[in-house]
Amino acid sequence: MMAFPPFRRPCGISQQRTAMAATSPTGAPPRSGVAVDPALIDDLVAASRILAAEGVLDGYGHVSMRHPGNPERYLMSRSLAPALVTAEDIMELDLDSNPVDARGRTMFRERFIHGMIFKARPDVMAVVHSHSPAVIPFGITPVPMKPTFHMAGFLYQEPPVFEIRDVAGWTNMLITDNRLGAALADTLGQNPVALMRGHGNVVVGPSVPIAVFRAIYTEVNARLQAAAIAIGGPINYISAEEGAARDKVERDVGRAWELWKRKALGK
Amino acid sequence: MMAFPPFRRPCGISQQRTAMAATSPTGAPPRSGVAVDPALIDDLVAASRILAAEGVLDGYGHVSMRHPGNPERYLMSRSLAPALVTAEDIMELDLDSNPVDARGRTMFRERFIHGMIFKARPDVMAVVHSHSPAVIPFGITPVPMKPTFHMAGFLYQEPPVFEIRDVAGWTNMLITDNRLGAALADTLGQNPVALMRGHGNVVVGPSVPIAVFRAIYTEVNARLQAAAIAIGGPINYISAEEGAARDKVERDVGRAWELWKRKALGK
Amino acid sequence: MMAFPPFRRPCGISQQRTAMAATSPTGAPPRSGVAVDPALIDDLVAASRILAAEGVLDGYGHVSMRHPGNPERYLMSRSLAPALVTAEDIMELDLDSNPVDARGRTMFRERFIHGMIFKARPDVMAVVHSHSPAVIPFGITPVPMKPTFHMAGFLYQEPPVFEIRDVAGWTNMLITDNRLGAALADTLGQNPVALMRGHGNVVVGPSVPIAVFRAIYTEVNARLQAAAIAIGGPINYISAEEGAARDKVERDVGRAWELWKRKALGK
Amino acid sequence: MMAFPPFRRPCGISQQRTAMAATSPTGAPPRSGVAVDPALIDDLVAASRILAAEGVLDGYGHVSMRHPGNPERYLMSRSLAPALVTAEDIMELDLDSNPVDARGRTMFRERFIHGMIFKARPDVMAVVHSHSPAVIPFGITPVPMKPTFHMAGFLYQEPPVFEIRDVAGWTNMLITDNRLGAALADTLGQNPVALMRGHGNVVVGPSVPIAVFRAIYTEVNARLQAAAIAIGGPINYISAEEGAARDKVERDVGRAWELWKRKALGK
């Protein structure tokens, strides 16, 4: 029913161009890392569309990946609804969120979330920022998110809640500069997920598929936890030991990733 | 799956005709303003279908825009399920909700909602009336709607609740004349949203996309607020200061608008 | 995505045949009334598919209409999932639910619901029996269904709850004979809706579109009432006076009916 | 929208090959039973896709059937998202969950659930393991699942809850060997359904369609029970006598099965 733009880039060389464009003289703009495997760009595009198809993102929110050839850069769509992203829309930015080769493209105002997390967390290879609907209530009530089932075992590291009022008082709630981005990264600490009060959440992972997996199951877990609370009685959550034991299992998200790609990309 | 009528008007001139039709002699019917840019008609048609696709409207409800060339007129579909509206169905009415050129078309019985709000609120350029399902419970319980997240920051102006019993006693609940429309406009006051007890709500904005944006996020916020209440504990809502700071951000709804159009219109 | 059988009967004459088939000699089977306008059969088929598309029916449940030419007969699909019904599947039955011309077709085991209601209620022209999911909880808790918004105003006549244990003790819950059908019709009385404890509900109306309308908004109202209860506080329901004032408005369901047909039939 | 692989096996003979492949010399791998009717393989493939389409399975979970020609074997997909399963993916395993003819295909890590249940329950012909979302809260709260309506009457045998901590302490929650599978089968006992704390559930039946039917209505019932609890008051559940009386009715699931197949397979 939705006539989205074609998923494949029109010309295979474009990725190469994106990645290598800023081999200009010294000074700004920052020089690119190295060329990016088009299959990895495809994964990033798929991630954007999967998160939209699975209800984690609507017209807003974004997903990024660290540049595979240069840890001081990351890749992210230009400002665009996630369901509409194509490979042509992927831009390269440095960790201060300056574009390598903007070519007139508008960037997300909240890209500083991504840059500052990549800077603070060398282990992180992908970042999702969303307004994941079932999660938002847990950022505005005193009830902490906890893992209700094994698929969300990673939540045994209880997500901290970022309160923008603590660092910036009354704002429009957006993370629009590196100072706010750094404060959010500080709240995230070494966790896989942080909630943002009255806003949404950030989810990180060691790969794009794992970050997507965690973002989706954070949303699912929020629904299940709310349902369990409504049913009543003490809730028997996944323990820290059980959650930690999931770490190794979670590395293998291929089965779900293939399904999500099919559903989101229609192929 | 749905074989809706084509979105584009069959002939570009028809809009012109609609807008200029009533250049007849003095007296009734009221004379039209000036011709309307077909792209604006398209936006109004898109708004109707978007609100249906996003679950704000079902077979009932309607959206209107003030005539861009004549502030004493507004544009609105003939009586038709919102998902089925085409440019050919758009009619021009004066602010007392008399048609400029009815050509036998049936009008919505509750069009007086729109006319009276346009009359009372010169700043308003678009009006949505819906039975937005998650919102209805907040019109029949003592719990006021409040903004749970930044996307619904405009709700910092707490929506008043219109009680038709106060002005008309026992009725069939419909706003079927200008007196009732004026009473509703009076309750709305300077707010962006008013609830209608046991009926639905009205949402207004300075443009069609912004009114649509607010109608959609009023529905989403109602779901999130109900979920937060069910989770329990004091809820940390968006403050008035934060809500007010969203005003400027909200002007830029283009990213979501493009997505919604694609989803609703399939192109 | 669903490759349902074509909606239109393959040959226009088939309806005629169905309706006039049993012009056989005296004795059983009962003789048919008169031929049925194919457009009315189409409405009955559409009703079945609409109720499936709108989530009132799943693989079970059924809708019937009184024979337009013979009030002692009614029309109903053979035993089949509602989404799959075509005009060819419509059978004619007498009010004791004997088939006029079975031609080997299997009938619904619970057809006695329909026959006995048509017998008890001369004003009723259409009957829906469903397991409408949001309604079931109101049949097993002490909380009565009440109208939360004007679209469900007909619920001002509070739906009684049929308890099969009162008339038949421990059963498999099904209405499988005329005695049970009559008991259910007795509980329904002069109301538009009756709940069936641990089973579902029946909805009746003066036409197929109105019965469908009521079945859909009974489901919607159940969702809204549950949401209002969860939000908390005294609930301000539609009053009996307001509900009664809806009777006339409700006669005009054409706007929704056209939409539902488009959605359910894809045309 | 989803471009899933074609449902029909490319070549009719493949099933024959699957079933008869391991007619190799004595020793491992275990020898196959006899050839399987391709229509039964098709049912198993349909079951997998139906459970995905109906929201019982997501990217994870699986369904199996006992080998119709050899009760010491069972049939199950290779490790794959359920919505993507084709007849070519079906493997044969013995009751210790060793493959008859792996041909390099990866198996589900939790296949031991199926093997051990088939071993413990000669009456069981099909097993579903899922993370059925509405059911999970009932496995982590003290509230037992009970049947709210006749379609879920089989739940009159109250589902026991399997606690993996009791048999294995802190784990990654998975049933990855025969010892854990046997413990789960022991908890299941003679019931049709067992919940798995913080994980999901298992549903068994005397045929593939009946196991699918029970898995779907276990999910539906969990939603209805949660809704009834939220509405409040004592809940009038289906009694044991009524539930038991459903046993015979339940054997006839053909009407729903045909619908589900159409929806899941698009034909």
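When the chains are written out, they are named A, B, C and D in that same order, and each has its own residue count from 1.
We take it that a contact is a pair of C-beta atoms (placed from the backbone, for glycine too) under 8 Å apart; a residue touches a chain by one contact, two chains touch by 3 or more.
Keep in mind that what you see is a predicted model, and the values were worked out from it rather than measured.
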item	value
Where chain A and chain B overlap in contact partners, by chain label	none
Same vs different contact residues, chain A with chain D, by half of numbers used	different
Centre-to-centre distance between chain C and chain B (centres being mean Cα positions), rounded to whole Å	34
Centre-to-centre distance between chain D and chain B (centres being mean Cα positions), rounded to whole Å	48
Where chain C touches two or more other chains at once, by residue number	1-2, 230
Chain contact topology (line, ring, star, complete or other)	ring
Interchain contacts (touch definition) - all pairs	A-B, A-D, B-C, C-D
Sites on chain D touched by chain C in the complex	1-2, 147-151, 153, 220, 223-224, 227-228, 230-239, 241-242, 245-246, 248-249, 255-260, 262-263, 266-267
Complex interface listing, chain B residues touching chain C	1-4, 58-60, 79-81, 83-84, 131, 133-134, 136-138, 140-143, 170-174, 197-200, 226, 229-230
